[in-house]
Amino acid sequence: MPIESLMVNTFNGLYFAALLFFASVGLTLVFGILNLLNMAHAAFYGLGAYVAVWTLNNMGDITTSTVVLLAVLVLVIPLVVFVLSAVLDKTVFAPLYEIEPVYQLLATFGVILMLDDVIKFIWGASPITVDGAVDPSRQLGTLDLLGISVSAYRSVVILIAIACAVGLYLMFVKTKLGKISQAMSEDYEMVQMLGINVNRVRIMIFSISVAIAALGGALFVPFATATPAVTLEYVLLSFAVIVIGGLGSLKGVVVAALVIGMVRSFGIAYYPALELAIVFGLMAVVIIFKPEGLFGDEGVVE
Amino acid sequence: MSTQNTRNTASARSSGSAEPILRTENVRKEFGSLVAVDGVSLEFYDDEIVGIIGPNGAGKTTFTNLLSGALSLTDGTIVFDGDDISDLRRYKRVRRGLVRSFQIPQIYDELTVFENVQASVLSRKGENNRLFTLTHRDSDSVEETERLLEMFNLEAHADEHTEHLPHGVRKILDVAMSFALRPKLMVLDEPTSGVGSREKNAVMETITDAAVERNIGLIFIEHDMELIRTYSDRIVALHEGRVLADDDPAAVMNSEEVNQFILEGGV
Amino acid sequence: MSTRLPTFGDVKAGEIKGVLLDKRLLAGSALFVFLALYPALTMNAYHTRLLAWIMCFAIAALGFNIVLGYTGLLSFGHAAFFGAGMYTVVIAMERAGITDLVVLLVLAMIVAGVVGAIIGALSVKTHEIYFALLTLALAQLLFVLATRDVGGLTRGTDGIGLTRPDFLGLPVSEVPAQFYLMGFYYHVILVCLTATILLLWVVLRSPFGLTLKMIRENETRAEMSGVPILRYRLYSMILSAMIVGLGGALYAVVVGHITPEYLDWTMSGEIVFMALLGGIGTFLGPVVGAGGFILLQELALSVTTYWHFTMGLVLFVVVLTLREKGIWGGAKELLERLDERRDNS
Amino acid sequence: MNTQLMNENNSHVSRRNFLKGSAAVTTVGSLAGCVLLEGDFGTEEIDGIPDEPFRIVQLLFESGPPAFYGEEARNASEMLVEQINDDGGLIGEREIEVVDRLDEDAGPDSLISDVQAMAQEGEVDMIMGIVSSAHSLAVAPAADDQQLPFLVTMPGTYQLFEENPEMDHVVRTAGTNAAGAVGAVRMVEQMDDVETVITVDPDYAWGHDHQEMFTAGLDAVGADVEVVESRYPELGETDYSAHVSAIADESPDLLFSSLWGGDISTFVSQGVAGGLFEAVDEALLIGDTGAPLLDSLGADMPENVWLGGRGGYQPNYRYDEDEAHREFVDEYYERYDQLPGWGAYHEWMGFEALQEGVERAVQIIGDWPTGEQLMASMNNIAFEAPHGQHTMHGPQAVAPAVFGRPTDDHDLPVDHPLLGEFEFIEAAEVNPPEGVLTMDWVDEIEPMTG
């Protein structure tokens, strides 16, 4: 197998792993810390994608500078979704925290259907893409990396994913919010009894998680098309990632995203027919033989 | 309160079967570095009531979990009714007659009291797989259930859902469901915990009378020394996973180590 | 900790049961006669077909509720059994040339039962969320096999059309489509649904049914009463799979064209939605839920293009407010409360 | 017209023919049609025209990825109905009204149930449209069972009539996907030094059918082209980078693909970024691609590609020579500020067939046709299309294959490239003769004459 195609496939695997990380990390944090299994988490990934296309396409006349476009994708859109999710947490998701995981799964299945149609209502049913002029992935072009030419934009996306993972890790280890969240993931009731304002922590964790999903959707779009099918595809993939990685484990999500990213990238390159089956097969094997996943039994960041 | 020591008239070794129904040979259980049960060898007979005492962490509950199969042995063997059941699965031990009851009553919340007991009756008869007979028309399991309800004076609550039952009644129901399995030996983990002190004796009376009437051996863990002295034919004292004393109540109560480690230190 | 789903203590000991039974038996048989005569009375093919569609999914939802309502396990993979039932009928007709309906239905139940045994054996050890996700993953494997047209059996995403089967040698398939449905096939489905209801009514009140409830309510206690809980969970999955497979097989002829969508996880979601909407804590809830879901969807479709939103909202509200009672359980409770108020007022 | 009746049925059982058992694909549809029409020859003035409008219900995707075509079809149908009604309606006498639109995303169960309702209520004269092949295979037989006329305008699955030969209430004005795939074979015949090809098709029936026909056709015509690899990305795939780098690695002489809609625009844009179109000499993109793809890719559209498929449905194809086409394109652009794509063209052909069919039926019967007569009258007719004559073999249209290269020199008021240097391959070269099963014919096609 020539070294270049090995390198290229690894790079594609990394890129896909980065997208999977964005789509799934919030899901596992919200479940691990807040005991809420939000099937609709990936719908915010889809939402982020649509918001990004709309924003970029409407910025055509203001500016087309790559830095500004990237800043919009990385900062503005996640911030907007952060505020939106704080509101949603108080209203739509609030009653879900007390009910059993089985019912959380079913209620949030309803939320996916609702969000799907909200997106359709605002942006119509057919796929939309970022116009060429304001597409950072075209502006950045390609760069040479260890002898292969790869898309510069996608390398930036991978770097942002790494930064985001490290940032989350530091947040959990260093900040007060992080420590409380870790305690909550171990013993939710005990933290409540200690008189800590659990609601505030809950909204923060929920909104950060959803904002990261939206960030993923935003970064995903320049290189691809925002279609209604994005949400459904990433719902299944994000569940596969958090199950394989271990529910509630940050390290688990990173490793599982890499595993599925590589499986998918090399799968497509060499055994295309199997690609979809491998992900589900992997998920089934992990649940049967190691239900708690690779790092499920450890805490959020051990 | 019934005469204090009617129980003790039965000699420690009643004339009953010579062969012990349950024998443990240096049974041992480790949780990582902690040794919860450190080589316990005991014998229990099917017509004997044995009280187990010891401070918290002495390995009482772990020992009962080993007997019931909830925990696996690190070492040693358990022989029940002549067979080695050391690695037998939980539900198979129950089928052979080694039944445990729980400190917190483990009952079926959404079913009525009648259904709770009938469930155990049917399970004992191995009739879980009968598909085409209606439980409330299955005469012999209904009759047996009614008899059990009478024995444990639970008929009044027959059709009530267990959620609304007072704690004492839930306790009795839990024990009744264990008796329904017609055990040869029953292990009770603090049978009177959570029950008001006035009713404690009533609960113990019901249990011990039913056991004696059906010739079932009892092993029960208890902190209340009064109850232990009153209802045990024999007392086993555990300390740090080892047997400190194993004798009739009078001897154990006066034994010097028991006082030092358990009566002052523990309880 | 098993999923805390209440049962339905509607069976009281002693003679009250007799009275209750009669009242409900009476209502049930009246409904049966009305449904049986409906096509003849109204000659309305659209309603007949709608009822046939609802009844097939009522059978599937009833079968599914054995696992969720009775054994307390949420499965997201029951589309595998529904789809297995459908594909067995199509492939048996096309490849093996079997054209007799009874043989096809029995075959479909057996194949669905086998698929249920396989998925069950792999998943009964897991609990709650893991059970849901594992069954989902295993069913999706079957979906991928169907879309990939492995072994040339399923002919991929365009699916396979099927002709109408005969019945015990009677060449009913020659009858024009309209009369085949209204005169014959609708009644076959009605009989199957009634048989399923009666069978399950007995089975779920038998020692076997009680054992499933024991496992749902308190696994440890059930095991400490001598019940091999993994084996009985497996039996529950197999029985459930066979009935859901029957629903699928019956539906194959109604829709006339089978595509892999019927194996997809969103199809499992629909079956769960139906059972939940009706009320998983009740016996007849899933039947009401199947009707409710299909009528609601048809209504939403005719009213707005945003019908996904309507369905999602209904699911969300039902889960939060009615939980295991569902609309059927909620309605029954309302009636009881009205009776009480009328009695003591 | 009589000669078609007499042609000899091909009774050879093919591996593709499944359920119907009847070996021969009889042209029952057309036979019945002509017999019905033979009735008493029409008198001059036409009485008995119903006064309520000719009511149509459209079946289109309004959500989900294929909504891409649904939207175009809806736009075109609104425009065309208005145009027809402006000059009086069908044969100038009876207006058309689209009374309802059903969202195909609801799935076959709901669609068939609605067909049943419409057939029973009898307030719908014809259902029209449908995008997905799988849905057409499910709904067409059901509509036929209910004797509800169904004018299928978009799906290309060749199995529609081959598996349901006795349908006499269904007509399809879209050519089968044979035209695209075999059209590509004909193109390859004209290309020189093409030794290796890689196929990339969406992983469902449409994609597999195209790949099978293309490769079988290449063998049949004896083109010494090696199919190096066949890839099947997922329908609605969002990240083709793995495919792009693998193909670029192989750098075949030719890339063949039947990807369509959002998929083809994502694939080509990611292909351009991945240097795919530098690595291949030629690319044949036959997934009904046209103006919308060129619009979304704009200046980035690679040069060495042929776009097209089953029919000359490109806005600037014979834009000057064909006046009807020019009007259609101008009116569409003026209304919707974008050029018509394949969804719009397919719908246009549907309405052309309807008008032609009604005219013919009324002429022969002298009265307004029943549903069955209307459908029968649309069998074996021909009408004007951008690519010239659009002819029907019985109930199934046969379309020519038309391909073009992206070019900027066109005089349409859009700033993105359109297609030029068109290659036209007539219908007979890319479709099976009447009564012959598609795959049987593809296996034995002759190299192109001339």
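First chain written, first letter: the chains are A, B, C and D, and each begins at residue 1.
Everything that follows uses one rule, which is that contacts are C-beta pairs under 8 Å (C-beta built on N, C-alpha and C of every residue); 3 or more make two chains touch, one makes a residue touch a chain.
Predicted model only: the values in this text are computed from it and were never measured.
Taking the mean Cα position of each chain as its centre, B sits at the greatest distance from chain A. The chain pair with the larger count of C-beta pairs in contact, out of A-C and C-D, is A-C. Note on chain placement: the centre of chain A and the centre of chain C lie 35 Å apart, centres being C-alpha means.
For the pair chain C and chain D, the distance between C-alpha centroids works out to 39 Å. Between the CA-based centres of chain B and chain D the separation comes to 78 Å, rounded to the whole angstrom. Centre-to-centre separation between chain A and chain B, using Cα means, comes to 52 Å. In chain A, the residues touching two or more other chains are 116-117, 120, 273, 276. Among all residues of chain B, none touch two or more other chains. Residues of chain D in contact with at least two other chains: 62-63.
Contacting chain pairs in the structure are A-C, A-D, B-C, C-D.
Those residues of chain A that touch chain C in the complex are listed here as 37, 92, 95-96, 99-103, 105-107, 109-118, 120-121, 232, 236, 239-240, 243, 247, 273, 276-277, 280-281, 283-284, 287-288, 291. Across the interface of their complex, chain A is touched by residues 61-65, 67-68, 70-71, 231-234, 236, 238-239, 241-243, 245-246, 249, 261-262, 265-266, 269-270, 273-275, 296-300 of chain D.
Taken together, the chain A residues at the contact with chain D in this complex read 2, 4-5, 8-9, 12, 15-16, 19, 116-117, 120, 124-127, 129, 132, 137-138, 142, 149, 151, 154, 220, 223-225, 227-230, 233, 264-266, 268-269, 272-273, 275-276. Contact residues on chain D toward chain C in their complex (touch as defined above): 18-19, 62-63, 102-103, 106-110, 112-113, 116-117, 119-121, 133-134, 137-138, 141-142, 145-146, 157, 159, 163-164, 203-206, 208, 235. On the chain C side of its complex with chain A, the touching residues are 3-4, 74, 76, 122-123, 125-126, 128-130, 132-134, 136-138, 140-141, 144-145, 148, 265-266, 269, 272-273, 276, 305-309, 311-316, 319-320, 323.
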